[in-house]
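Note that chain A is present in both complexes that follow, paired respectively with chain B and with chain C.
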Partner chain A sequence: MVILAAFALWPLFVLVQMSLSEVGPAEIVGNWSFVGLRNFVDVLGDFETWKAILRTIGLCAILVISNLVLGFIAATVLSTTGRTASAVLGILVFVWALPPLVSGSVWRFLLDDTGTLNAILGLLGISPVNWLSDPALALWSVSAVVAWASLPFSILIMRGGLLAVNPELIEAAAIDGAGFWTTRWRIILPLMRPTLWILAVITVLYAFRSFDFFYVMTQGGPGTSTNTLPVLSYYTAFTNFDMSTGATIAVVSMVVVLAFAVPYVRTIKNEETS
Partner chain B sequence: MITPRPLKRVFTVLAATLGLAYLLPLVWVILTAFKTNNAVLKNPNSIFFRPTLETFRAVINDGFGAILTSLQITISVTALVLAIGVPAAYALSRHAHPLWNRVATIGLALLLILQMVPQPMTVIPLFSVLANWHVIGTLPGLILADLALLLPYAIIVLRPFVLAIPNVLYEAARIDGASSVQTFFRLTIPMLANGIFTVGAIIFITAWGEFVYAINFLPEGTVLPVSGLLAQQNSQYSANWNTLMALAVLTALPLLIVFLFAQRRLVNGLSLGAVK
Partner chain C sequence: MRRRTALQGAAVTSLLSLGSSSCALQSAPAGTDSNGVTTLRMWHYYQDQQKTWLEDEVRRFEAKHPKTRIALIDVVGDQQAQKLLASVSIGNGPDLLMNNIVVDFPVLRAAGVLKDITEQWESFQDNDQFPEATAWRNEGRVFNLLPYTNLIGMYAHSDALADSGVETVPSTLSELESAMQKVSEKGAFEPLAMAGSPDVEGAWLFAPQLLGLGIDYCNFHGAAVEDAFRRLARWRDKGWLPQATATWSQTDAWQQFMTGRYAFALNGNWNLGNARDSGFAIQTARYPASDGGKSKVYPGGEGIAIGAQTKYPDLAWSFIESAFLSAPGARAVNTVAGSIPVRADVASSDQLAGDADVAPFVEAARHQARWPDNERTADMQRALGEAVSGVISGQLSGDEGASSAVNEIAAARADGGGSC
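Presenting the complex of A and B:
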């Protein structure tokens, strides 16, 4: 446990320390001068930070909608038994375990200006779209890829929740004359509320972790159009070599992550003790 | 679950569509990796072509060192994660003393939160920590960083496996006069074989695909792991698609192998770690 604390907690402490100091590439090893909250004032006063926050919220919104709505529909579809369903589940698990580095590379190839997707559009007589090189579009293209990559997890969790619903309840509803969709909407969905909540929290946390996709597909560009909070923090620290500003942005996003993580962890702990 | 018959047909079609949305991109990538450079340059989207191993041969020739680096990192990380994670998971699930139980609960909550810290946010402070310990730019430094990243996850996934061992067995071991060390090695570890395999496989797959630490903590000019090469190829403006895709296949190779041979175990392990 001591080792664990040293390995995992110490860096977080250093991160906070960095955000309160003035650290450039020259001072990585050595003494840092304490500057109080000046970095936070700078970061929160910077327009770029707020744009990055908005982009992160946009990404979260797309992921939550896709994971909950598409996830529920797909889980319903896949909760029927059959060869097709089990084959599709196999593929989903594979994509779920695929390193984001790989799926990001794959989609960078498919979404390239001369890539496969545009070739298919060309066959349909539609002119090519600059998925990743158009600043107005790039954020949404990457978000769609992140949604593609995170949907399998959501489907598998929801399917587990669906299969755990007591079949007698569904039969009772059928006897009362409720149709297939009425049953879904009025009986199954309310029963799954805890699952949906946890899934929404996990999805938001996932959005904050989905740095790999941005690194691989756009590197925050074109311009700064795909700088979400983690991306902005990374490039501030390692491309502009402004370690303390990067650390400050990271602390700001850590606060958001913790705000979501703590209630989530509490729910799980309650579940375990009950 | 009862599904009306016409709806069932619609569902099969929908399920197949969903499957294709995930399968086709992957198939396309594998096909591209079997094209020659010229074929891709002429038309990156040709469907008909003569498959060659040329790209793979070139990638493996140039990247032989990278594969060795990857193996070194991944094997060390997996071994260390298991060596520390198994005893830790064991300690966190045995209820010995009320005080220890409280410590274990706090420890678990910390682990869960740590597991959620986004990786790019640990890169910045780790850079300075590793520099202070004089292991920045070395393989041991990178292995240490990977260990800190993956250990919380491993312990969380291993714990339910430890909890599943019936208490009666421990009592029997005690009556037979086995020491606690003996019990751990003779009883806990063999009973955990399934869990150890699952977690080991997941850690191996993840460590093999890790690149953020690799490209930042290894100095320029060293041999990067395969994942690092793939990330580097991606950061170049114009990409060599067939090379890129062959590297992507190599980066996904451990997953592919585990998936083919132990799909069910992998699924169980992944879902345990994800929900808990």
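Presenting the complex of A and C:
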């Protein structure tokens, strides 16, 4: 427990310390001079940070809609037994287990201007789309890939929740004349509210730490159009070697994540209590 | 105080490791074993032919120094600087290292990763064979060497030129625009493949449009900067640069050129071997000069340095002399890896100057621009790369791109202490 806490808390402590200090390449080894909240003033006063926050919120929105809406529909369809459902679940686990660097690289080729997706559109007589190089589209293209990668987890969690619903309730609803989707909407969905809530919180946390796909597919570009908070933090700290600003952006992300994590922990506690 | 520093070092290492997984980089133990064999650890990120050349040089050195072993440790290129900072913070830096000198020299020097090699360099008997720019200095002291270089120039697809009625490979940007107009009107080929990614690569490919006019990161402002970005926007608007250029690295752009669909490419000399195997005829030329200016590019390539924490600086210097500074090493790096050695007797030999494809790059090496000595050099390059990518993609107009680049570069330069 102590070791676990040390591994979790010590880097966080140093991160916060770094965000309150002046740390560039010359100071990385040695003493860091304390600068108070100056880095936070700089970061929050930079228009790029706010644009990155907005982009991250956009990514959150895509993921929440995808994971909850598509996830629920897919979990409903897959909450049956049979070979097809088992095969699809197997594929979902495979997709979920793929390293983002691998699947991101594959998607980068698929979404290239001369890639497979545009080749298919060409066969249908549709002009090619610049999925990753159009600044108006790139964020949504990568977000869709992130959603594709996170959807299997959501489906598996929701399917578990669906299978845990008391079958007698469903039978009673059927006797009362409720159809398949009415039962899902009126009976099952309210029962799954705690699961959906937890899933929504996990999804937001996932969005605020999503970095790999952006790194592989666009590196924050074209221009700055896919610079989300984690991407901005990484390039500031590890490419520009402005460690303190990078740490400050990470702390800002962490504060947002904490705002979601606290209710998450409370929900878990309430679940355990009930 | 020392304990606090050590703890901070460990913490920094753990934080840096968040940005890059820490592999077992020190798996080869440094030191002298019971048989008296001394092992030096050298960090590098070479691949393919460049790695072949380095391995050849290690074998050549070890054959002459049977009591010395050079352990080559592969590092992921874009994580090398982070890992070096982490290793030095815990007192476990390499004996020898290769680095992306044009990006990370100021950072590694400031962080104490590089050993001061002024005495070794100044007492090296052949140092008059090398131009002054070979030795990278800070406050007059030498920390890094760039004994061979990689530069960018122009590649032209001969069939595309013939098809479009372009008689000679353009030598100025105006001629290039005129040629691209012809290629575009003919329609059989795409005009230009170049990198435009929002990082140092996009910046490296664009900067020469200003360097020949005397504008670099130290005086990046004025009408010429605006003109250059407007020209880039014009290339985008005319369709001479595909929108995808905004995300292309140099490798991506080169792969596009190798499909045979492009008339021109702006890319590096290290692709010459690949170009000769392309199946179509190519010609090379220097990067087109700006009107009223000269053709000038930034030197690229890998720097070689001795780690500040090595216990064997003399042995490490012996290896540098043998592999990187000697005439046989210089000839081999060109033959095997296609790099351009700057050592005068080799650069002027028939092997380089007598090869029509190589000659433009050799000539470019003699007129290279000077990188700024500022801790935020990488920041400046990324700022320029983001502006270039933004303009090519349509996120920014030419004027917005120029304004963004001017402001961000000035801010980064000031953050780095304002020095150049």
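Heads up, the rule we're going with is that the second predicted complex is superposed on the first by the 259 of 274 C-alpha atoms of A that agree within 3 Å, B and C clash if a C-alpha of one lies under 4 Å from a C-alpha of the other, contacts with A are read in each partner's own complex, and residues count from 1 in each chain.
Please note the rule applied: contacts are C-beta pairs under 8 Å (C-beta built on N, C-alpha and C of every residue); 3 or more make two chains touch, one makes a residue touch a chain.
Values in this document were obtained by computation on a predicted structure and should not be read as measured data.
Asks: Clash or fit: chain B against chain C, after overlaying the two structures on chain A?
Replies: They clash: once the shared chain is superposed, the two partners overlap in space.
Asks: Who contacts more of chain A, chain B or chain C?
Replies: B
Asks: Is A:D113 touching anything from chain B or chain C once the two structures are fitted on A? First, second, both or neither.
Replies: The second partner, chain C, only.
Asks: For A:M254, decide between first (touching chain B), second (touching chain C), both and neither.
Replies: A:M254 sits against chain B, while chain C stays out of touch.
Asks: For A:A164, decide between first (touching chain B), second (touching chain C), both and neither.
Replies: neither
Asks: Taking the superposition as given, does A:V41 touch the first partner, chain B, the second, chain C, both, or neither?
Replies: Neither: A:V41 stays clear of chain B and chain C.
Asks: Could you say whether A:I91 touches chain B, chain C, both of them, or neither, answering first, second, both or neither?
Replies: In the superposition, A:I91 contacts chain B only.
Asks: Return first, second, both or neither, reflecting whether A:G223 touches chain B, chain C, both chains, or no partner chain.
Replies: After superposition on chain A, A:G223 lies in contact with chain C alone.
Asks: Which partner does A:Y234 reach: the first (chain B), the second (chain C), both, or neither?
Replies: both
Asks: Return first, second, both or neither, reflecting whether A:I126 touches chain B, chain C, both chains, or no partner chain.
Replies: A:I126 contacts neither chain B nor chain C.
Asks: Based on the superposed arrangement, let me know which partner A:L101 touches: chain B (first), chain C (second), both, or neither?
Replies: first
Asks: Mind sorting out which residues of chain A both chain B and chain C touch, each in its own complex?
Replies: 10-11, 13-15, 18, 28-29, 112, 219, 234, 237-238, 247
Asks: Write out the stretch or stretches of chain C touching chain A in their complex.
Replies: 1, 4-5, 8-9, 11-12, 14-16, 18-20, 79, 81-82, 85, 88-89, 106-108, 110-112, 196-199, 242-247, 375-376, 378-379, 382, 386-387, 389-396, 412, 415
Asks: Please give the residue numbers of chain A that touch chain B in the complex, ascending.
Replies: Against chain B, the touching part of chain A is residues 1, 3-4, 7-15, 18, 23, 28-29, 73-74, 76-80, 82, 84-85, 87-88, 90-102, 104-110, 112, 114-116, 119, 148, 152-153, 156-157, 160, 162-163, 167, 170-171, 174, 180, 198, 202, 205, 208-209, 211-212, 215-217, 219, 230-231, 233-234, 237-238, 243, 246-247, 250, 253-254, 257-258, 261-262, 264-265, 268-269.
Asks: Can you name the residues of chain A that touch chain C in the complex?
Replies: Per the stated touch rule, the residues are 10-11, 13-15, 18, 24-26, 28-32, 112-113, 130, 132-135, 138, 218-225, 234-235, 237-242, 247.
Asks: Which positions of chain B touch chain A when the two form their complex?
Replies: Touching chain A: residues 1-4, 7-8, 11-12, 14-16, 18-19, 21-23, 25-26, 28-29, 32, 44-45, 84, 88, 91, 103, 105, 107-114, 116-129, 131-132, 144, 147-148, 151-152, 202, 205-206, 208-212, 216, 227, 230-231, 233-235, 239, 241, 244-245, 247-248, 251-252, 255, 259, 263, 266-267, 270-271, 274-276 of chain B.
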